[in-house]
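Shared between the two complexes below is chain A, which pairs with chain B and chain C, respectively.
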Partner chain A sequence: MDGILNRDTLLKWAPLIVLLVLILFFSVMEPRFFSVRNFARIAIASAPALMVALGVTFIIIMGSIDLSMEGTVSVCAVVFAKLFILMGATMASWAWLALPMALIVGAAIGFVNGYVHVKLKIPSFMASLAMGFVGTGLAMVLTGGDRIRIEDELFRGLLTTRWFGFPIMVYVALAFLLIGWFIQSKTKLGRNFYAVGGGEELAHGSGLNVNRVRIMGFMLAGVFFAVGALLAVGRIGLAETATGNNFMFLSITAVVVGGTALWGGIGGVWNTLVGVLIVFVIGNGMVVIGLPGYIQDGVLGILVILAVILSTDRRAISFVK
Partner chain B sequence: MYQLNKVDKTFPGVHALKAVDFTIGRGEIVGLVGENGAGKSTLMKVIYGAYQPDGGNVTIDGKTVRFANPRQAMDHGIGMVFQEQSLIPNLTVMENIYLGFEQQFVRFGVIDWKKMAAAASAQLAKVKLSIDPSMTTANLSFAQRQLVELAKVLTLEERIDGDLVILLDEPTSVLAREEVELLFSLVRELTSRASFIFVSHRMDEVLELSDRIYVMKDGAVVDVVAQADAKVENIQHKMVGRDVDKEYYREQKQKPYDPSQVLASFENVTVTSSFKDLSFELHPGEVLCLVGTEGSGREAVLRTVFGLEKPTSGTVEVKGSPYGKANARTAVERGVGYVPRERKVEGIVNGMNVYENMTLSQMGKYSTGGILRIGEERALAEKWVERLAIKTPNVYKDCGGLSGGNQQKVVLAKWRSGGSDIILLDHPTRGLDIGAKEDVYDMVREMCDDGVGIILVADTLEEAIGLSHTILVLKDGEFQKRFDGTPGDKPSLFDLVHHMI
Partner chain C sequence: MSFIKDYIEKETINRRNLLIAGAYGLGGVAAGGMFGPSMARAAITDPTIAWSYRNRTNPYWNEIVTGGEAFVESLGMNKEDLVHLINEGSSEKSLADVKATLARTNGDLALAIDTNDAPNARPIVEACAEAGAYVSTLWNKTDDLHPWDFGDNYVSHMSWSDEGPAEQTARILLDAMGGTGGVVHLGGIASNNPAIERLQGLKNALVDYPDVELLAAEPADWDTQKANQVMSAFLTRFGDEIKGVHCANDTIAYGVLEALRAEGIEDMPVVSYDGNPQAVQLVAERKILATVFTNPHWGGGITASLAYHAATGAFKPSEEPNEHREFNGPSIFVTPDDAVDFKTNFLENVPAYDWTDFWGPSNGPIIYK
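Up next, the complex of A and B:
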């Protein structure tokens, strides 16, 4: 019994330990790594990815997967930028309405994902992957391939205004992290995610409307993707079809490395926070100590496999598909 | 000569085999009987190498052997004929027959399908089955699949030099009478090369085929009878082991139910391919037990009451009106609670803690605008943990870590605390030890006192008789007979078995 307990405790804290070891490692290699300036840099880079990863966390807890993030982020970013420019191009006007509109667009894409998955009984990875491509295409149609610049001072304040060395967008991300935590642990919906992921048949047998939970989950993920899109636009000051690029690999990697189980029911937003930080600390640290950037992807790939090896109790599973 | 000497096997909380001695000689057919949970399947798994014994040893012709897996057992001539479900339906017959042993047909890395087909045809000829070996298995009838299973095991004849021991697990459960005859004559012919262990619930068939019969009860062999001395009644008495203990099933606490009110009713209900033309009424305080063999439609009845199956014809009324659409949600809202058979799979959510599991079906009552009132959930869970004496350190404990009996209590608490007054119990005591079983029996009586109506599919016949007010016997989906189970005037085991088979 003790052995199992130790293993469980170890697994629970392993991602955090990895994160601390990484920070220690890079700090020793290059003292400049351990500075508020650099941490702010890591935080800025991770904020949009954290939002996307949080969204997909809920889906993975349900035992499904959402691969539409790249398309969704692009569409939300482009729609936001178009509306923002159209309605006055400054936060001081009605253009601020573009922010909630972007979230609604995210929710709508999520709804379509969920609806296609549940009602047409298409596996979630396929339904969402396809929707992601539709999204990328749509973003291209909307922009005609152009970049849309947002130059409003107030909106750019997300990046430029700093409190205690960190820009506002980091605090926004933190706020949404807390919202995610609240949903996960304090609401019916959050409980339902775990129930569906832990035992779908049983959840159904307990009178839960599993289909509704799934659709709600995809909508929630869509909203978080949209927040990620807004932060991404805030960070670089422009929206384009490529805004969503790379989010799929980053977010799934982060969720898995953070210790959320791919088969559902286990994990949560704190795991995802740690996972995102691990991914970006590695990325930043390798640059700081002067390793070429292209090694990063390789290292991350290996890390994902390691994380899954660690978190899988292979004695309990004889076959995987 | 294959022998088990004082073989022991323990699982957490269960002593599944207790010093079992078992011998099978060359060309012998040995029957193995016992109730569900008596240890038959564990014993079979030890024999064909799926489990390793904790104590005692296994010998073949006097030499001690130890099998790490079924493959090693096969290499010693021990084969298992599973029930028909164990063939892979999307493969062809020959692929199934040689699954794992394709190497013999491989030339330069490519499988010679013609050669495999010819070899498979030879195997099928042994069981007198003339089908195309390249047929997809899914297209075969149940009886044909059973024979293919046997043919698959018979490939051992060519591979192994010594004697064979072949286990037949409920081989007749899906066969018609003529097919059973055919199988039996086949088995008798094959005894020139192999000995057989025959496991079945059908006592008459065991008596007909076996030279000797091992009777198991509570993990031990209680008797070995030769065919000449075997009588169905004696064997059944030994399987049960004692006269049905009235105390054990809390019969003294069984009170008459209230026939004036109806909680749920079936009127000429048919669900295609499961059961037909079934009528009954469930009253407050009544335990209604469905009795029949596996596949007699008992579970489908429960699923229909719970709204998971839609009746093809007839009327199902729960609390005075039928369900609009087959829907578990409506059932839960009307106070139906389902305690399924596979606790691990369907009863509790692994990874969720005690209070989360208890409020799973009634989160609406413990939330405002979607936000949960966790304090109240905890209070509820603490109350029920105390009331049902659930053994858990606290309500934060992951339910997956509780023992089977305590998981069962959590499931019951889930429904009872939500105010369910129609409880469907599917094998509620399966896999529980005696003490935990008695707790469940106590709970059944308490629920009846509270005016709950219970529909039960019991783990054993004694349990069915001991617990119920009313027994309905089903056979192949057809209603056979209704028995009244008033204490002191309960039907006997034999009364029921007579109508079941």
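Up next, the complex of A and C:
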């Protein structure tokens, strides 16, 4: 096939097409699905997961994987909530400093992740998974198993204040999406992620400090996990050890469904946006059209496989590990 | 107010009676030991006390284990002396941990355990009985497994029956809705017994409210974030038809309240279950109309205490009636009128329970359907 409809173009746009088809399908089944209010609901649900998925996108582009998100999100959420309450419990006081401090905690966890992975030569999969457990344990120790409620109206404005029908947290997520896109396409670090993912030996051979790029990547991911944690707390008004639950499955699924290849070098932040939306449109749509709960998980699994089949070029790879 | 007051009064009386009964019981056991059927082994003077459970990340299990620690401290030991066997949701690990601990302690063990799933209870109880250890179970066991089939070594089983209390909270909800309109239910993991019972409670109540329609019942997996998403989707699907929300537990209710808050809905009647501190606070603020407190702190402490006191010979399980060996845990209603009192008496100041009052706060024998 030539012209616009060639195979490469189709593959490139497949995730977006899947998303549009899903929206069309759910709208036909239940017209109430297609409304600004419902799109706002999907956006609210997606925002924290989008942040976490963006973080892991950079790591996957490098051909590594970061599975520490659940622990990191929990620690960042709990540290933020503790500091926020300690320093005044309202954004109108010094308590706002808890926001940047949570990001620093995220970066620190990411640094440890990257350092353990690179210096101790432990596969990123194992190093980050272990750090995730450490994080969950740490969050547990910090909270003693309790939940911390954040009542401050200003902070909760993330959810309750709306511009053009969408709450502020959705715009915050969009801003970080743009930052992610900027890092990916306009900075040396972003291009180095692709270089490492596309061919690490080559990148190393051309004088790139691959280890440094990796550690920077994990730190960046940690910061995005922390933003996800803050939005998750903003959405629920609670910080607890369980705040990080389910983010691993959601974010990895979303990244892969969006068309970023797990073997690295392909994909990017826009793919991840589309992937996250696919996952949450399916989740919302299935309840909206009244699909029984017990078949929802099964349908989600099948749709994930379909989306991956459609969005990656199976012919370009000789084997799958 | 009445629920709480009754409960506290009942507790005080029970405590008094039990002290007397306890003194008598000690004598009785000593006498029984002399003439009764010969026991497999003599009483253990200083058994290792262990609690085997999922993990502490879950606030509910954290409360259970805190109760276990409080019991150990009441014996004059440090709370670190309680051995934690954490199964992380794996029945295999649960069984392996128990067997390892039995080997290490040579059977000098008082074990409190939730076996993670019902079929796992039998191998664990058998392993304990064989080693001469004493075990009390919580929540999970199959219907054909009974403490009285194992002499003294399978001391007791405690569970909770949620159908009745869930029906009562449902009635509070349906009354608050004025007896008309649509109601949605957000449940726990669909296959969990409490999730099934709590939904059934709502259905039982609905029989008396013909003008209320159950619009939908979806599992929210006991998870705040999932509940938040499911409630949002319900709002899209049913919009203003929803006049009330029945939640299977408090963590679900938090997600529901935030989904409503995001839409600027402040006065929707919501009821929940479990009586977590934050939920009780929300009941006091009238954001939740009712929750049910199952006193996991007491449950965790008394389960360890039963196993311990049976092991030391303080009482002889086989001489107790069946309803003292399989019984339901307490259910206390918390409504806006008594939430503040309840919070002061139970949550902010955890009562110093009498851990030898084994059955005072319990709630009748387990009835199989």
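Observations on the model:
As a convention for this text, the second predicted complex is superposed on the first by the 297 of 321 C-alpha atoms of A that agree within 3 Å, B and C clash if a C-alpha of one lies under 4 Å from a C-alpha of the other, contacts with A are read in each partner's own complex, and residues count from 1 in each chain.
What we mean here is this: a residue touches a chain if its C-beta (ideal position, glycine included) is under 8 Å from a C-beta of that chain, and two chains touch if they have at least 3 such contacts.
Not measured: the values here are computed from a predicted model.
The superposed arrangement places chain B and chain C next to each other on chain A without a clash.
Once the two complexes are overlaid on the shared chain, A:Asn209 sits against chain B while remaining clear of chain C.
Of the two partner chains, neither chain B nor chain C is touched by A:Gly298. Of the two partner chains placed by superposition, only chain C is touched by A:Asp146; chain B is not.
Once chain A of one complex is fitted onto chain A of the other, the partner contacts of A:Arg191 are limited to chain B, with no touch recorded for chain C.
Judged by the touch definition given at the top, the superposed model places A:Gly283 against chain C, while chain B stays out of reach. Number of chain A residues touched is higher for C, counting chain B against chain C. The gap separating chain B from chain C in the superposed three-chain model is 29 Å, by closest C-alpha atoms. Within chain A, no residue touches chain B in one complex and chain C in the other. Those residues of chain A lying in contact with chain C across their complex are 30, 32-33, 35, 37-38, 41-42, 44-45, 136, 140, 144-147, 149, 156, 159-160, 167, 232, 235-238, 240-242, 245-246, 280, 283-284, 287-290, 293-294. Residues 56-59, 62-63, 66, 190, 216, 218-219, 223-226, 228-230, 232-237, 239, 251, 254-255, 258-259, 261-264, 276-278, 281 of chain C are the ones touching chain A in the complex. Note for the complex: chain B touches chain A at residues 306, 308, 328-329, 331-333, 338, 340, 345-352, 356, 360-361, 363-364, 367, 370-372, 374, 414.
Within the complex formed with chain B, the residues of chain A that make contact are 186-189, 191-192, 194-195, 198-199, 201-209, 265-266.
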